[in-house]
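I've put the structures underneath this note.
Shared between the two complexes below is chain A, which pairs with chain B and chain C, respectively.
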Partner chain A sequence: MPKPLRTALLLAPSAILMGVFLIGLVRLVSSSLMIDGQFDITHYVDILNRPDYVQMLGRTLRTAALTTLFSLLIGFPTAYYVARYKGNRNFLLLLIIFPWLVSIVVRSYGWMVILGPRGLINSFITWTGLVERPLRLMYNDFGVILGLVHVLCPFMIIAILSVLMQIPRSLEEASMSLGGRPAYSFRTVLLPLSLPGILTGITLVYLMATGAIVTPLLLGGLRNTMLGTEIFQEVMHFFNYPKAAALATVLLVTALVVVIPIQIFERWLARRLREGESH
Partner chain B sequence: MKLTRRATIAGALGSAAALSLPGRLMAQSNTLLHASWGGGVGSTWNAAFADPFAAETGASVRIVDVPNPEAQLRAQAGNPQYHSAIGTFVQGVNMMRDDMLETFSIDELPEMRNIDEKYWLKTEDGRLAGITPYFAYYGIAVNTNEASLEDFTSWRNLADERWADRLGMTRPIYLSTYDLTMLSKAAGGDEYDIAGGMELLEGMARNVLIVSNSLAQQNTMLERGEVAAMPFYSTRIWAMHEAGVQHVDMIIPEEGALLLPYVVVAPKGVADREQVAEWLNYIAGAAPQERGMAISGYIPANSQAVATDEIIAKIGMTYEELLGRLYQPDWGHIAANQQDTVAAIDQMLARF
Partner chain C sequence: MITRLIALSVLLILPLPIVIVVLSSFTSAGYLSFPIHGVSLRWYGEFLGSADWLRVLGVSAVLALIGAFVSTAASFGAAWAVVRHRMRFGATYETILLTPLIFPHAAIGVIMIVTLSSLGWLGTFTGLVLVHCILTIPYAYRPIVAALRKSDPALEEAAASLGARPWRTFWTVSLPAARPGLVTSFLFSFIISFDEVTVTLFVVGPHVMTLPVQVFSEVLESASPVIAAVSATLVLFTTAIVFVLDRFIGLQFFVERD
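This part shows the complex of A and B:
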C-alpha cells in the first residue's frame, strides 16, 4: 500500500471524529443563536436574568471543582502506589477500572443502600444511640460529590498513572541519596514530572463533572440541580433545543475558562520538560 | 490516492446512510412498531395488547421500550419510524398542537364511541389525534411502617412540618402538571388558579428528602422507608402489591386523586395507515383494556370494560366509584402553561 494512502487511511478516523465534533459544536452555538431563522440572543438573556440558572451554574462549577480536587487527592496516591507496585500491577488496574463494568445508575443505588436514611451507616449509628435521627449523608452536596468522585476517580488515576510509569524510580532515589527528604523529593522531582498527567486528569474529571446528569439526579437533593440536569430536561421533556443549546454553550464557555489556561500551562510545562531533557 | 475534503464528506455521508438503513427497513416491513416506556410497561403491552392483536388479526406489533416515546416521535418528525407510541395526555396535547399527529375519523376508530368524549384527544375540527387506552391516578403513597394512611387524608398534609425530611417528590416537570394541580385544588383553587397550590407546594418541598423522577428510585425509596410518603402513581402501587410489597399503600385524599389518562398516537405521515387504525381501534376496545387492568392495574377507559370481583376487591370499589373520586383537570390549559409553571417552580425551589 502506498505510503500516502496508508497515512490518509490512518488519519481518516480522527479527521472524521474531529469533523463531526466541530460540526456539532458549530451547530450547537448556531442553534442557540438562531430563532426562526433570525439572529437572536433571547435565550442567553433569559438564562442570565434567571437567578436560579445563575445559581445553578455556580453550583455546577463548584461541584465540578470539588470533585476534581477530591479525585486528585485520592487519585494521585493510588496511581503512585500502582506505578511502584512490584507485584501483579494488572490486577490493581483491573480493580481500578472495575466500577466501569457496572452502570452509573446501579452504582448510585449502591450508595443509597450505604448512605440513605435507612442505609447501613445510619442504621448503625442510630442503633448505637450516637444520634437520634438519621444523618443526612446523601441528597445533598456531599452525596453528589461522593458519587461523582466514585465515578470519575478512575480517569484521574489512569491519567496520572500513564505519566508516573514513565518516571524512573532512580530519579527519586537520586534525589534522596543526595539528602532530599521524601517530601522534598516529591515536591521537586516527582510532582513536576507528573504534572502533565495531573493536568490531563484534572481536565478530564472537571469537564465530565460539569456535564454530569445521572449522579446529581440520583444522589442530589432539591438544592443540588446541576446545569447538565437542566439541559437534559429541556431536551427530553420540553424539546426546547435552542434553549438547551444556549445552556450547553454557557456551560461550555465557563468550562473552557478553566480548561484553556490548564492546557496552556500543560504545553508550557511540556516544553520546559523537553528542554530539561535535552540539557 | 489523495484524500480530498469532498471524498471525506462523501464517506461520512455514506456511513450515516448505511447506519440508518436498519431503521428504514424495519419501518417498511409489515410489523407495526409501537414505542412504549420501559419498566414493565412494555411487557404489559405485549401481554395485554400486542400478542392478542397478532393472534386475532395475524398482523404483528413489536413493542419497543424507549425512555421517552414522545422524544422518539419528535426526533423522527417528518420521517416516522414508529407506527404508534404511548404518552401522557399532556404530551399528546403538545404533539397535537405541534401538528405532529396523524388524525382519524370516528368511523375509523369506532371503539372510541365507548370512551367518554371528555377523555378524547381531538383536534378543533373534531378528528381523533389518538386513542385513550386506560387511566391511572395520582394519589399519595404511604409506607405504612413509617406513617399511617390517615396521616394523609388531605393533600395539605404534605406541607405539614412534622414530615420534615420524610417525603419524596418528583421533579418540576411533573410537579407542574400533577402535584401542583392537586395542591391547588386542596388550597381551594384549580389548574387555572394555582397561587394557593404554589404555597402548599413550597411547604411540601421544605419537607422533601429527595427529588426524583426515576420511578425505580421512587419505588425503592418508598419500599425501604427512606421516605414515609410521596405523591405517586396508582399503577406503581399495584405493581408493588402484586410483587408482595404490602407495606406501601395508596390513599385517595378527600380532595380526590388526579386522573391520568394516557394516549396512544400515530405520528403524522405514518406508513400502513389502515393497519395502524386497526391497531388503535383494537387498543380502544374493552377486552385488551380489561387484560391491562388485570396485569398492571390500568383502569380501562372503555365503558364496556367489566371489573371482575377480584379487581373490585383489589381497588376497593367499582370503576364508577373510583372515577367519581378522581379529578380530571383541563389538560389543554395545563399543557399550554407547562413551561411557565415549571420555570415558576424552579425559581421557587431555588430560594430554599
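This part shows the complex of A and C:
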C-alpha cells in the first residue's frame, strides 16, 4: 500500500469525527441566520432588543471574569506550593486530580449539601446560636461563583503547575542571591516564565465558565440565568431551536473574542521564550 | 507564608464537597441534611433495587467503554500519521483535534443537537457514542502522541532489517512501546465520558439516559438522598480509575508538558 494512502487511512477515523463537529458548527451558525430559508438576522435583533437578555449577557461575562480571576488568585499560589513541595508531591497531586476527575454534577451537588438551608454551614451556625434562621448561601451569585471556582480551578492549577515544574528552582535562587527582593524576582523571573501556563489556565477557565450550565443551575437556580442556562431552557422547555442556535452563536463569539487574542499572544510568547533559550 | 495558607486551604477544600456527598449518602433520614441524622444503607438499597437506576448505570458504563475505545483508536491513527509518517500540516491537524476544547460546552451542546438531528440520531445510543468520541478525542490524543514521540523509531527499523514483516514489527515492537500512552488515553477518555453531563444533557432522549444527566435532573426536581448514593457510586468509579492511573502511569503525567 502506498504511503499517502496509509496516512489517509490512519487519519480517517479522527478526521470523520472532527469533520462532523466542524460541519455542525457551520450549520449552527447558518441556522441562526435563516428564517424559512431566507437570510435573516431577526433572532439577533430580538436578543439585543430584550433588556433581560442584555442583562443576562452582562451577568455571564461578569461571572466568567470573576471566576477566572479568583481561580487565578488561588490557583497560582497553590501551583507554586505544589511545584516547590519537597515531601510527597504525589499526594498533593492526588488532592488536585481526583476532584478534577469527579463529575461536575457531583461536585456542584456537594456544594448544595454544604450551602443549603440544612447543610453543613447552616447547621453549624444555627447550632452555635449566631443566627436564628439559616443564611441564604446559594441561589445567588455567591453560590454560583463559589461553585464555578471550585469546579474549574483545577484546570488553572494544572496548567500553571505544568509550567512551574519546568522552571528550575536555581533560577529563582540566582535572582535572589544577586540581591533581588522576592517581589522583584517574582515579577522578573517567575511571572514571565509561567505566563504561558497562566494564559492556558485563563483560557480554559473562562471558556468553561461562560458555557457552564450545571453549576449555575444547581447553585443559582432558574431565575438568575446565564447564557448557558438560558440556552438550556430554550432547548429543553421552549423547544425554540433557532433561538437556542442564535444564543449559542452569541456564546461562541463572546468566548472566542477573548480566547483567540490570548492564544495568539501565547504563541508569540512561546516563540520569544524559545528564541531566548537559543541566545 | 500566605502562599502556604492559600495552597493548604485549596488542597483541603477541593475534595471537601465530594467527601460530604459520600458521607451524606449514609443518612437514614428521608431528606438531605448535613451532618446526617442516623446511619443506614437504605439509600443504597433503593439505588441498587431500582431497575431504572441500574439501566442508566449500564448505559453510562457501556457508552464510556465504547467511546473510550473508539477515541483511543482514532487518536492512535492520527498520532501515528503525524509522528511516524511526518505528514504535512501535522501541527495544524493537531490544532484541529484540540478544537472541541476551545468551545464552550453549552455551544457544543447545540452544535450536537443540530448534527444529530440531521443524522436522525438525536436521543439514540449511536448519537451519544458519536458525541462522546468527539468530546474525548482531545484528551485521548495527547498521551498517545507523547508516548509515540518518546519511543525510538530506530527499534522498528532494527526489527525490519532483521527480517520482521511490517505487521510483526507493529505487534511486537511499535504497539508495546505505545502501550502506556494507549492505556492512559483509554482510562482518561473513559472517565471524561463517564462523568460528562453538560453536552450530554442536550442529546439524551426518553430511551437513553446517562447516570450524570439523570443525577442532574433528579437534583433539579427532588432532594431525595438516593441522589447522594448514586453520586457516591460515580465517585467510586473515579476513585478506581485514578488509582489505576496512579499505579501504572503516575499522576505526574498530568502536569507534564510535551
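Some notes on this structure:
Definition applied: the second predicted complex is superposed on the first by the 251 of 279 C-alpha atoms of A that agree within 3 Å, B and C clash if a C-alpha of one lies under 4 Å from a C-alpha of the other, contacts with A are read in each partner's own complex, and residues count from 1 in each chain.
Here, contacts are C-beta pairs under 8 Å (C-beta built on N, C-alpha and C of every residue); 3 or more make two chains touch, one makes a residue touch a chain.
Quick caveat: nothing in here was measured; it's all calculated off a predicted structure.
Between chain B and chain C, C touches the greater number of residues of chain A.
In the superposed pair of complexes, A:244 makes contact with chain C only, with no contact to chain B. Of the two partner chains placed by the overlay, only chain C lies in contact with A:24; chain B stays clear of it.
Once chain A of one complex is fitted onto chain A of the other, the partner contacts of A:35 are absent, as it touches neither chain B nor chain C.
Contacts of A:69 after superposition: neither chain B nor chain C is touched. Touch criterion met: A:233 reaches chain B, while chain C stays clear of it. Once chain A of one complex is fitted onto chain A of the other, the partner contacts of A:93 are limited to chain C, with no touch recorded for chain B.
When the two complexes are overlaid on their common chain A, residue A:51 makes contact with chain B while staying clear of chain C.
Residue contacts after overlaying the shared chain place A:258 against neither chain B nor chain C.
When the two complexes are overlaid on their common chain A, residue A:135 makes contact with neither chain B nor chain C. Across the superposed pair, chain B and chain C both touch chain A at residues 11-12, 15, 20, 109, 112, 116, 118, 217-218, 235-236. The touching residues of chain C, when paired with chain A in their complex, are 2-4, 6-8, 10-11, 13-18, 20-21, 24, 31-35, 70, 73-75, 77-78, 80-81, 85, 87, 93, 96-97, 99-115, 118, 130, 133-134, 137, 141, 191, 194-198, 201-202, 212-213, 215-216, 219-220, 227-228, 231, 234-235, 238-239, 241-242, 246, 250-252, 254-257. The part of chain B that touches chain A in the complex is made up of residues 1-3, 8, 11-12, 67-68, 70-71, 74, 165, 169, 171-173, 205, 208-214, 217, 220, 224-226, 338-339, 342-343, 346-347, 349-350, 352. Within the complex formed with chain B, the chain A residues making contact are 2, 4-5, 8, 11-12, 15-16, 19-20, 50-52, 55-56, 109, 112, 116-118, 136, 139, 217-218, 220-223, 233, 235-240.
By the touch rule above, chain A contacts chain C in their complex via residues 3, 6-7, 9-15, 17-18, 20-25, 27-28, 31, 74-75, 77-78, 80-82, 90, 92-99, 101-114, 116, 118-120, 123, 150, 153-154, 157-158, 161-163, 165-166, 203-204, 207-208, 210-214, 217-218, 227-228, 231-232, 235-236, 241, 244-245, 247-249, 251-252, 255-256, 259, 263.
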